[in-house]
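Below: one structure in structure tokens.
All chains are identified by letter, namely A, B and C, in their written order; residue positions are counted from 1 within each chain.
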Amino acid sequence: MRRAVGGFARLLEETLVNERSAEAPGLLQSLDARAKALGLVGLIVIATLLQRPVALGLAYVLSLLLGFASRLPARRLARVWLTVPLFSAAIIAPATLNVITPGPALLVLWHPAHHHLGPWALPPAVTITTSGLVVAGRFLLRVGVCVTLALLLAATTRPDRLLRGLRALGVPRVFVLLLGMMERYLSVFLRSAQEIHLARLSRTARLGSTRREQAWVAAGMGSLLRRTQALGQAVFHAMLSRGYTGEARLLDPPRWGAQEWSFLAGVTCLAAALVRIG
Amino acid sequence: MEAIFAVEQVHYAYPGEGPSLTDISFAVAPGERVALLGANGSGKSTLLHLLDGLYFAQQGTVQAFGQTLNEAALEGTPFAQRFRQEVGFLFQNSEAQLFSASVEEEIAFGPLQAGWPSEEIHARIADTLGILEIPHLRPRVPQRLSSGEKKRVALASLLVMSPSVLLLDEPTAGLDPRSQSLLLEALEELHRAGLTLVTATHDLTLLPHLADRALVLSEDHRLVSDAPAEETLADTALLLSVNLIHAHRHRHGALLHEHPHQHVTGHEHPHAHESDQRD
Amino acid sequence: MHIPDGYLGPQTYAPAFAVMGGFWAIASVRLKRALRLRQVPLLALGAAFSFVIMMFNVPIPGGTTGHAVGAVLVAIVLGPWAASIAVSLALILQALLFGDGGITAIGANCLNMGVVMPFVGWGVYRLVAGASPAHSARQWLGAAAGGYVGLNAAALSTAIMFGLQPMLARDAAGRALYCPFGLHIAVPVMALEHLLVFGWVEAAATGLVVAYLQRAAPEMLPYAASQQARFSRRAVVTRLAIGLGVLVLLTPLGLYLPNALRAGSAWGEWGSEEIREEVARETGGQGYVPAGLERAEKAGWKAPLPDYALPGQASASLGKLSFSYILSGAIGVAGLVLLTLATRRAWARKDEGGTAGLDAHSGQT
């Protein structure tokens, strides 16, 4: 139960931390969200195309530099490795073995007594191969680079501006409108969901049987769903009342300046260089 | 002069529920200040929604500016556009009313829907923020504001369209005293400038500030009174019968006193009774 | 089940985006036609709700907790098309703002959790709950079943995406560039996880919430009986029939693909001849057939359409076999349909007592 509260609290905390870092006077923060989204997502795509670990390493260094230039503390950039990359490491570990990635053996682990494990054939020796290490290392490095770049985007941009910036990536206006409203109602929800959980916690530590706990979680989700519908109806009326006719219309965003263009130019050059390397 | 609203024998019930309004008829002339009084659940909020064309009466007609309000009339017609600009609805729940990313965008919503050119929009936004004395709130996120600020932003988002009618649903609910008095002042000024106001409330203390005329809805969803505000306030029997004020019962020895109590400022509660001395 | 960046190569994630783009376009058009203006705020809130659902920890027997996705639940309440948009929005936001799921993988994640899951799960729910009234047990049973099947379907499509990577993307030295685990690993592992654990979490979450709604807010179940059902029974049956027909016509693929890929029979599904070959391959020499197996084969049931072919066709050409396949498929489907109808008639007599007398609760959404 505390884990659930922890989950919400973590999300709220993350949101707050992002808000703070988005206000800092750094490089990425000063850019218009659309240019930033284009540049950073472009770099993520490039990262998924790179093959040589050297190129990936350079890409990581680049993302670190961008992070420092945007006043992101090194701790935060490092902590990113404890999220997705951590479980990715666990997942990719078996790929170092010769049963997955054949190749020159580096370290012999085990000589199996039998030739088969169920339907799968086992080799005479199970080893860690160099190829396996390359595959796993490259995989992890790529995951790390992408996660860092994604953090840069989220931590240096106000959520509403970021969602608006998606227009530059071709996302249709209706989606941007929906995403924006959704993000705002999320904080309302997270707070209500947290209240539900805390109210529960304050009464008893455990309801006892799994079934009762399940029923409680279900009721929580159910009442949240009802509140969703009620609020949806109310918002719809508010929009209708101000003349909503079904078309998504947004205020014109500010124009791009030299900063944005030079950022994109820089990113393009670096991306080309990276692709050239590997 | 043509009435702004003309309501004729309107009945309304929410799908699957009992009646919400029964046989309501009245009219509102331009420039009037009308209050809809009633206990919770008497249907005043529903009536406002009907006046704004958000719900449509199942029986009877609701006319605004001479046009009957029904789905066809309000579906993308020129009348619909004009109607939406002329009539502003201040909802009770600010959470639902403020749905944009920044105050600036919130206020821009109406003008954007109406298709105004963007310079005009920016100019109008600046004007409206100035009038309500909240220019500092321009880049803020509406959901994070205090309740008083939220109400002012909501009002700004309506006023930017220069409406001629304002519908208000419990406008002072949840506001601190200062915000409340600021709002009431703003509404009085707007009325002086010629706006028609229709306010739904169960708070009798607001009546003298908000309305010259009061329509009272009973708990069985009927219109039981349509009279000037002062008269209505003085009619304690009526107010008791519709649950707008409560009655006190005191025991003094063997005697049981019952008298109505209005929590209206300036009203004295006579504590002393001759019977007290008998104990 | 959120796929991060780096697990899928552009050969997979780019087409996924293309497919999703088409899908979103179709979904928006459909919604605009059916619901008109109302869907904008409702969708945004449905998406927010979907997001929050993914954060609730659902307790499972054994004292641990698991996460649910909730896509089928949203489909039951809003319909599958609206649900696909709501879940897509939630996934997009999770990826962008919270790093949950990769940005390049958004298309793929939306395909798995936003298309496969709600549609399959909703279909199963409709199959089980049918036209039963809002208070019937079939509603929450259908919901739970829908949740379980939907999640496993999504797990399967995710596993397939993973499993295809080593085949699709290798570097010059033949090493896998993205997820290095082939289908033979990805599919069993994900299937096991979701059939044994996460499927039940999803089933519990979906079923319990629907049960709660049945009591507290039955008007939120638009597919229960006596609603103006958007999908008439005839439409559903027609669609099913067309779908089945297409599948039956596609069955010869089961002949051509193994031939093209030079695969043997499915592991464990050997007749006596094939056993002899397998044994020969493993141990060298002539191979043999275990005596017990031989006895069972001689004495056992002689199927009328052995291996889905007409008798005597064991070594006929692929073309002729294809025809027999299709015929077998048709016979099989017809037989099942008749059996199901007969069972349903017997069951319906018990259940349908409660349909009369429910008010039409439509209108508010």
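Simple rule for what comes next: a contact is a pair of C-beta atoms (placed from the backbone, for glycine too) under 8 Å apart; a residue touches a chain by one contact, two chains touch by 3 or more.
Treat the numbers as computed from the prediction; the structure is a model and nothing was measured.
Enquirer: What is the identifier of the chain with the smallest separation between its Cα mean and the overall Cα mean?
Expert: A
Enquirer: Could you find the two chains linked by the most C-beta contact pairs?
Expert: A-C
Enquirer: Measuring centre to centre with CA averages, how many angstrom lie between chain B and chain C?
Expert: 52
Enquirer: Whole-Å distance, chain A centre to chain B centre, using C-alpha means?
Expert: Between these chains, centre-to-centre, one finds 45 Å.
Enquirer: State, to the nearest whole Å, the distance from the C-alpha centre of chain A to the C-alpha centre of chain C.
Expert: 26
Enquirer: Show the residues in chain C shared as contacts by 2 or more other chains, in ascending order.
Expert: Residues 41, 364.
Enquirer: Name the residues of chain B that each touch 2 or more other chains.
Expert: 99
Enquirer: Could you say which residues in chain A touch two or more other chains, in rising order?
Expert: In chain A, 181, 231, 235, 239-240, 244-245 touch at least two other chains.
Enquirer: For the complex, which residues does chain B have touching chain A?
Expert: Touch residues, chain B against chain A: 49, 52, 54, 76, 80-81, 84-85, 87-89, 91, 93, 95-97, 99-102, 104-105, 108-110, 112-114, 118, 121, 141, 143, 157-158, 161.
Enquirer: Can you list the chain A residues touching chain C in their complex?
Expert: 1, 3-4, 7-8, 11, 14-15, 18, 41, 44-45, 47-49, 51, 80, 83-84, 88, 92, 94-95, 100-101, 103, 119-120, 131, 134-136, 138-139, 142-143, 146-147, 150-151, 153-154, 159, 162-163, 166, 172, 174-175, 177-179, 181-183, 185-186, 189-190, 193, 210, 213-215, 217-226, 228-229, 231-233, 235-236, 239-240, 244-246, 248
Enquirer: Would you pull the chain A residues touching chain B in the complex into a rising list?
Expert: 160, 164, 180-181, 184, 187-188, 231, 234-235, 237-245, 247, 249-252
Enquirer: Residue numbers of chain C touching chain A in their complex, please.
Expert: Its residues touching chain A are 4-7, 9-10, 13, 24, 28, 32, 36-38, 40-49, 51-53, 55-61, 63, 65, 70, 73, 77, 85, 89-90, 92-93, 95-99, 102-104, 171, 173, 175-181, 184-185, 204-205, 208-209, 211-213, 216-217, 220, 267, 364-365.
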